[in-house]
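Worksheet for the structure shown next.
By written order: A, B, C, D and E. Residues from 1 in each chain.
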Amino acid sequence: MTVGELLILLALGLPLFAALVTFAVGRMPDVRETLMLVACIALCIITMSIFVRAGAGDPPEMMIAQPMAGLEFAFRIEPLGALFGVMASVLWAINSLFSIGYMRGKREPSQTRFYMCFSLAMFGVMGIAMAANLFTLFVFYEILTLATYPLVTHKGDAAARRAGRIYLGTLVGASVVLFVPGIIGVASIAGSTTFTPGGLLPGGTDPAIGNMLLLLLVFGAAKAALIPLHGWLPAAMVAPAPVSALLHAVAVVKAGVFTILKVSAYIFGPELITALPAATWVLWVAAATIVIASLVALSKDDLKARLAWSTVGQLAYISSAAMLPFATGLAAGGMHMVVHAVAKITLFMCAGAIYVATGVTRVSQMAGAGRRMPVVFTLFLIASLSLIGLPPTAGMWSKLLLVNASFGSGEWATAAAMIASSLLSIGYLLPVAFRALFAPPTSLAPDFVRPGGTPGPALVAAILTGIGCIGLFTGAEYIADYLEPLGAITLLETAP
Amino acid sequence: MNAIALEASFALNVALLLMLVAIAAAIAWTRSLVAAILLMGVYSLASAVWLVVMDAADVAFTEAVVGAGVSTVVLLGATLLVRPGPVRVDWRRAIAPAVLVVGVGALLVLAVSGLASFGDPSSPANAHVGRSYLVETPNDIGIPNVVTAVLASYRGFDTLGETVVIFAAGIGVALMLGFGPRSSLPQPPVQPGEHHVVLRVTARLLIPLIILFAFYVLFHGDLGAGGGFQAGVILAVAPILHALVFGLHATTAAIPAGFVRGVAALGVLVFAGVGVVCMANGGGFLDYDRLFMPRVEAMIPPGLLGDPTHSHNWGQHFGILLVEVGVLLTVSSTMVTIFYGFAGRATHDVGSAR
Amino acid sequence: MNFVVTHFNYLAVIVLMMTGLYVLFATGNLIKRMIGLALFQTSTALLYISLGKVAGGTAAIKIYPDSPEAQALAAQLDPAYVAQFGVSGVVYSNPLPHVLILTAIVVGVATLAVGLSIAVRIREAYGTIEADEIEAVRAREPGE
Amino acid sequence: MADAIHWIGGGLVFAGTLLTLLGGVGVVRFPDVYTRIHAASLTDTGGATLVLIGLGILSGFTLETLKLAFVWAFVMLTTPAAANALANAAFSAGHKPRIGAFQIMKGESSEGAGPAQRDGGVAP
Amino acid sequence: MTLFEAIYVTPPALTAQAPILVVAGPLIGASAAALSPGARTAWMVSVLTAAFALWMSVAVVTEVAREGVVDYALGGFAPPLGIALRIDALGATLALLIASVGLLGALYSGHALSSEVYPGKHGLFQAGYLLCLAGFLGLVFTGDAFNAFVFLEVSSIGTYALVAVGEARDRRALPAAFNYLIFGTVGATFYVLGVGFLYGATGTLNLVDMSVRLAALGDNFAVQAGLAFIVAGLGVKAAIFPLHGWLPGAYAGAPSLVSVFLAATATKSAIYLIVRFVFDVFPTGGFGQTFLALIVAPLAAAAAIVCSVQAIFEKEVRRILAFSSVAQVGFIMLGISLATTGGLSAGVFYLVAHALMKGALFMGVGALAISVKARTVEEFYGLGREAPWSAAAFAVGAASLAGVPLTMGFLAKWSLIAGALEAGALWVVATLAVGSLLTLVYVGRLLEAMFFRAPLPGATRAHEAPFGVLVPLLVMAGLSVWFGVDSSLPESLSRASATGLIGSAR
C-alpha cells in the first residue's frame, strides 16, 4: 500500500473511528470529547499532508471496488478537493471545540448521538473531497445527507421533525430525481464518470443532451440551495448553533457548491460550459438567487435566519462562478468557498455564543449587548466585513476575482447582482455589530442567562476563525495559485 | 374434405354442441346451487358423448369419469358442508362481467378466424406433429393405442407433471380439511344405513366388481381407451361407495387417511423412479428403451411381442405399464383423500346413504 | 356464412367458454364461481379437441387395414383421400390434442378440489360464502 | 338379411330411447318424489335394456356383445338399488306421497328435512 | 463464471443429467417429505432436496456458460415429438436464483414454520413447498409450451394451499387464497388458450420448432391473439398492473416462508416465460415486441407509479411490501419492454435484485413476527432496538429496494435508467425517477418506524429471532450487499441472457 492510499484511508478512517469511539465511550463525556479533539487534530494533519502532496504534483489515488463496468468506487485528490478537505477538517476541529462549549453550556440532551452524527458527517465530507468520480461523490454526498438528518432533528419536537422532513425530502428527492439520472446520463455518454481535467464529456456532445445533463446535475446538487431548491436551508435553522455552523459553513452547503464546481471543471470542462446555453440560464437563476436572498435576509429579524438567507446568496456566488465560461471563475469560486466558510462559521459561532450567553436570538434585542461581550461582537464585525468583501479581510480578494471574472466573460447581469448584494449585505450585517457595539447603553441590553457569559471553548473557537478571516487576506494569493490548475488562465491575465 | 364421411358425424356434432350451449345457459341461469351442480354433471356427460363423436375416446372416458363423477361428488360434498341459501343475483355486478366476456369473445372470434377450418386434415395442427405420432408409434412404442403411447411415453413428462398436480391437490385438500378439530370422527351413535339392506347387499356385490373393472381399465389402456388415470378414479370409487353405505368411520378404520396419503406419494415415487432407473441404465429420464439393463434386455427372446425387429418395445411396454400403475396409485389415493377431507368435515349424517 | 359453417365448432366453444367466464365473474357465491371456472376450463378442452378432428377419421387406436372395421371405414371415404391423409390405409384423428386435454382435465379437477376445500374453510371462518359478505366482515377487522 | 338386422336393431334402439324420453317427461310431470323415482328408474332400466339389445343385434355376435351384457348386468344391479336408496331417503326425510294412501309411522314424519327437499328441488 | 468453476465439482455423468435432476429432484423430495413421519424429518428432507437442486442448477449454469444453450430430450425422443428441456442463459440464471432462494427458504422454515403452521401439517407443508420449487424450476427449464402449463399448475396448485395455510395466523389468508386461485386459474386457462391457437397455427408445441414455423408463417390473427392470451394469462401470474388484484392479499396472508418464496420466485418465473415467448419464440422485431411496447409498457409504467402510491398509503407492512412488489414488477417490465440488449439485461438484473431484496424483506418481517405478532406499521415502532439483527437485515433489504448506493438495488436502477437512456426512452427515465422517489417515501416510513420511533405503550416487547432463522436472513441480505459491491456475477449472467435472447433472432 502506497503512502497516498494510506493517507486516503486515514482521512476516511479517522472520522469513522471518532464516531465509533464516541459511541463506545458515550458514558464518559470527558474521554469522549478529548478523543474527538485528538481525532480532529490528526485529521487536520492528514488533510494538510494530502494538500501538500497534491500541490507537489503526485496526488494520492486509490481504487476500492468496481461494482459495474464504468462504475468505480475510487478516490483521487486534485487541488480543489485537497483545499476542500483542509478547510473542512480544520473548521471541523474548531467547530468541535465550539460545540463542546455550546452543548455543555446548554446542557443539551443525547450529546453522544450528536457527536456521532457529527463525525459521520465529516466522514461523508472527506469522501466527497477525495472522490475520484461522480458515483463515489454521490455515495458520500448521500451519506452526508443521512448523517446530518439526526442533527437537524436534534430537538426532537414536532417543528424539528417537520424541518427534518423538508431537509431530507428536498435533498434526497433532488438527488434521486435529478442527480442520479444526470450521473447515469454522463456515464452512458462518456462510458465512465471519472473526473478528468478539461472535462470528461467529449467536446462534440449534442447541446440538447448537454443542457439537460448540466441542469440535472446543477439542480440535483440541491445542497447548493439555488432557488427554487433553497427551502431546506432556512428550515434547517431549528438545529442548534454548532449544527448550523456545520451545515452552512463546513459540510453540507459547501459539499453542494463543491459538487457543482467539480461537475463544471471536470465533467463538462470550460469549453463545453462555454458552448452550452444552459450555463447562462443557470447564471441567471444564480443572479436572481443572489439578489432575492439578500433582500430576504434584510427583512429577517432572527439572526440565524438572516445568516441563513445570506448563505443562500453567497452560495449562489460560487455556483455562478462555476458556470462562468471564463476559467478563472473556477479558481475564484474555490477561493470564495473557503473564505465564505471561514467567515460564516465565525458568524454562526458568534450567534451561538450570544444565544448561550443571553438567550437572545433576535437582532432587535441585541442593541448594546456588545458592552457585555465585546470580543464576540468584534469577531462578528470582522466576519461581516469579510462577507461583505472589505479589506482587510479575505472576502475582498474572492469577491474581486468573482466580479472580475464575470466582467471578463461579459456576464454583466451576474456582476451587477454580486455588487448589489454586497451593498445589501452591508445593510443586513453591519448594523448588527454596530448597534451592539456602539449603541448608547440602555436598560434594554440583555442580561446573561448563563453565569460567566460565553463558554470558554466557544469563545476560543470563534477567535481562531476570526483570525482566519484576516489571515486569509494575506494568504489569498497562495490559494489562488494553488487552484490555478483548475483554470487555464492565471490571475494576472484576468485583468480586463 | 370428404362430404359423405363428414355429414352424419357433423350433424351429430352440431346437435350436441347446441345441447351443450343450452345446458351451459341453464347453469348460468339457475339460482339453485344443487341444480347447477347436477347440470354440470349432465354437461360433462353430454360433452363426453360429443368427445366420442370427435374420436377422442380416452378423453371421453376421462371426462365421464371426472366431470360427471368426481367433480359432481366433490361439489355436492362441499355444498353439503357450506349449506348455502339460493344464489343471489345482482344485476349491477353482472354488467362488468358481461362487457368483459363480450370483449374476450370478440377477440376469440378474431383469433379462430385465423385457424384452418374444422376437420381439415391438412391443417398445421393435424399435419405436423400429430401425424408423425401416428406414423412413428408402431416403431417407437409398438402399442395400438397411440393416445396412450403419446401420453405415457412421448410426452411422459407431461403425465408425470399431471400426476404431481393431482398429488399437489391431495396435499392441498389435506392441508385444508384433513386436520383440525373435526378431523377425527366420533363413532356415529346409530350404525348408519341400517335400514338400507338393499344398498348394503348391492354394495358388497359391487365393490369387488369395481376394483376388478379398475384393473381391467388399467391393463386395457394400451390396447383401447383407458389408462392409469381413469382406472385410478374408478378404483377410488370403491372406498367412496363403502364409506357412503357403511359410514366413513368404518372405511377410515379399514383404510386410514395417513396410509392413503402415503400411497399418493408412493405413486409419484414409482413414476419418477422409473425415470431414474432409465437414467441409471444410461438413458435419459423416462427413456423406457433403457428401462432394462442390456443384460436383461438380451435375455428377452426376440419376437416375444410378435415383432422381432423391435425387441426394445419390451422396455416401452413395461415402462408404460409401470408409470400407469404409478398414476393409478396417486390418482386413486388422492381421490380418496379428497373424499375423506370433505366427508370428514361433515357431521355423521354424510355416513348414511345419501 | 361459410365461415360460420367451417368454424362452427370454434364459435360454439367460444360461446361455452364465455358462459363459464360470465358465471365465474357475475356471481359472488364461491361455489357457483368454482362451477363457472370448471365450465370455462372444460370448454377450453373442447377447443383443442375440435382442432384435432380429422374429417372421416377414427379414434387414434391402431387397427389393421385388412380388419373389417378398417374396411368399413375406408368404404365411406374416397381412396385418394385415404391414400393422402391416412396412415397405412386408415384415417385417424389427431391424438396429440387428446393427450393434452387428458392432462388439462386432470388439472381442472385438481383445481376444483382445492378451491372447494378453501371455500369450505372460508365458510367455517366467516360463516358465509358470499364474497360481498366476506368483504363486509373483513372491513370490520383491524389493520384493514 | 343384413337389412333385417339393421332395421330390427335400429328399431330396438329407437324404442329404448323413446322409453327413456318418456321417463324424463315423467320425472318432470309426476306429482311427488316417489312417482318420479318410479318413472325414472323403471324407464331407465327398460330403456337401457332395449338399447343394449338393439346394439347387440347391430354389432353381431362378437366380443362387443359380451361387454354389452356386462353393462346390462351393471345397470340392472345399480339402477333399482339407487331408486330404492332415493325413495328410502325421501321417506325418512318425511316426504308424504300424494298418490295412494298408506300410513306413515308417527314421529318419522319430520326429521332432517333440509337435504331431502334439495333432492326434491333438483328437477328444473 | 470463474466463481463456479472454483466452488463446483460434479461427476460428468451427473452433469449430463443435471437439467432433469434439477426438476425431478424436488419432485421426488416432495413425495419423500409427504411420507416422512415427523416435522423435523420433513424439514431435513426439504433442506437436502433444495440443496441438491441448487447443486444441480449450479452445474447447469456452468454448462450453459460453456455451451450457450443446453438441450435435454426427455424419453430419448427428439423434439418436436418428445418433450425437450431447453435452458438458455436466462433460464439458467432464474434456476440459480430460484434454487438459492429455495434453499434459504427451506433452512429458514426450520424455526419459522413452527410459529405459523400446526405441527401435524409440517410434512405436507414441506411437500407442497418442494412441489412449488419443482414447478418453478420446471417452468424455467422446459422447452415445450404445454409442458410449461403443466408446471405452471404444479407450482400454482401447491401455492394456493400454502397461502391458505396462513389462516392459522390470519384468517384473511383464506379469501386471499381463493382469489388467488380464481385469478391464477383463469390466467392459466388463458395461457392454454393462447398455446392452443399457436398450436393450431403451427402444429407444434416445442418452442424452438414453433419459432421456426412462426417466422415462416407471418402475420396471422390466431398467432397474434394467441400471444395476447399468453401474455395476459402469464401477466396474471406475474402481477402485471391491472391483473395484480390477487397479490397483496396473498402475500399479506401467507405464512412468511411462502411470502418469501412467492415474492422472490413466483412472479419472476412468469415474467421469464413472457420474455421467452416474446423474444425467443416470436420473430425479433415482430408483433411480440410491438405488443410489449404498445400494451405492456404503459401498464408497467402505471404500475410503477400507482402501486407505489398505494404502498405509501397502506397501513400493513406486508401489504406495503406486496404493493411495492407490483410496482417493482412494473419497473422490470419497463426495462424488458425496451426490447434492447441494454434494457433487457437491465430488466433481468433488476429481476434478480428484486428477488433478493424482497426475499430479505419478507424474511425479516417473518423473523420479527416470530416473537411479536407485528402487522401494522405502528406495531413495528422501535423493533430496531429490540431485534437489532433481524431489523438490520430488513434495513439492508429496504435500502436495496430504495436503491441506496452500494446495494444491488442501486445498480439495478442504474442499469435500468442507463438502458432507457440508450434506447432514448426519456419517459421511461422519468417514470423510473418518480417511481424511485415514491419508493423512498414508503421505505423511509418503514425504517423510521423501526429505528426512530419509540414502541407504542403496552406493545409486546420483541426479542431477537432464533439462530436458524437469522442465518438465512442475513445471508439473503448479505447477497444484496455483496452483489451491490461486486455485481460481476449477476451482471454477466443478465448480459448473457439478453444477448442470447435478442441474438436468437430467427
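A few remarks follow.
One rule holds in what follows: a residue touches a chain if its C-beta (ideal position, glycine included) is under 8 Å from a C-beta of that chain, and two chains touch if they have at least 3 such contacts.
If you're wondering where the values come from, they're calculated on a predicted model, not measured in any experiment.
Between chain A and chain D, the least number of touch steps comes to 3. Every chain gets a centre from its CA atoms, and the centre nearest the mean of all protein CA atoms is that of E.
Centroid analysis (C-alpha atoms only) places A farthest from chain B. Comparing the centres of all chains, each the average of its CA atoms, the largest separation from chain E belongs to D.
Of the two chain pairs examined here, C-E and B-D, it is C-E that is joined by more C-beta pairs in contact. If each chain is reduced to the centroid of its CA atoms, chain C and chain D end up 29 Å from each other. Averaged Cα coordinates give chain A a centre that lies 77 Å from the centre of chain B. Per-chain CA centroids place chain A at a distance of 73 Å from chain C. Rounded to whole angstrom, the centroid-to-centroid distance between chain B and chain C, based on C-alpha atoms, equals 13 Å. Residues of chain A found to touch two or more other chains are absent. Counting partners per residue, chain B has 108, 112-113, 115, 123, 125-126, 129-130, 133, 155, 158, 161-162, 165, 168-169, 172-173, 176 as the residues that reach two or more other chains. Residue positions of chain C touching 2 or more other chains, listed in rising order: 17, 21, 24, 51, 96-97, 100, 103, 107, 110-111, 114, 118-119, 121.
Annotation, chain-chain contacts: A-E, B-C, B-D, B-E, C-E (touch as defined at the top). On the chain B side of its complex with chain E, the touching residues are 107-108, 110-116, 123-130, 132-133, 136, 140, 153-158, 160-162, 164-165, 167-169, 171-176, 178-180, 261-262, 264-266, 268-269, 272-273, 275-276, 279, 283-290.
Chain C contributes residues 17, 21, 24, 30, 33, 37, 40-41, 44, 47-48, 51, 96-97, 100, 103-104, 107, 110-111, 114-115, 118-119, 121-122, 125-126, 131, 134, 138, 141-143 to its touches with chain E in the complex. Within the complex formed with chain D, the chain B residues making contact are 26, 30, 32, 34-35, 38-39, 80, 83, 195-196, 198-199, 202, 205-206, 209, 349, 353-354.
By the touch criterion given at the top, residues 1-2, 4-6, 13-14, 17-18, 20-21, 24-25, 27-28, 33, 36-37, 40, 43-44, 47, 50-51, 54-59, 62-63, 66-67, 70-71, 74-75, 77-79, 81-82, 84, 87-90, 93-94, 96-98, 100-102, 104-105, 108-109, 112-113, 115, 117-123, 125-126, 129-131, 133-135, 137-138, 144-147, 150-151, 155, 158-159, 161-162, 165-166, 168-169, 172-173, 176-177, 223-225, 229, 331, 338, 341-342, 345 of chain B touch chain C in their complex. If you check the complex, the residues on chain C that touch chain B are 3, 6-29, 31-32, 34-35, 38-39, 42-43, 45-46, 49-63, 76-78, 81, 84-85, 87, 91-103, 105-114, 116-121, 123, 129-130.
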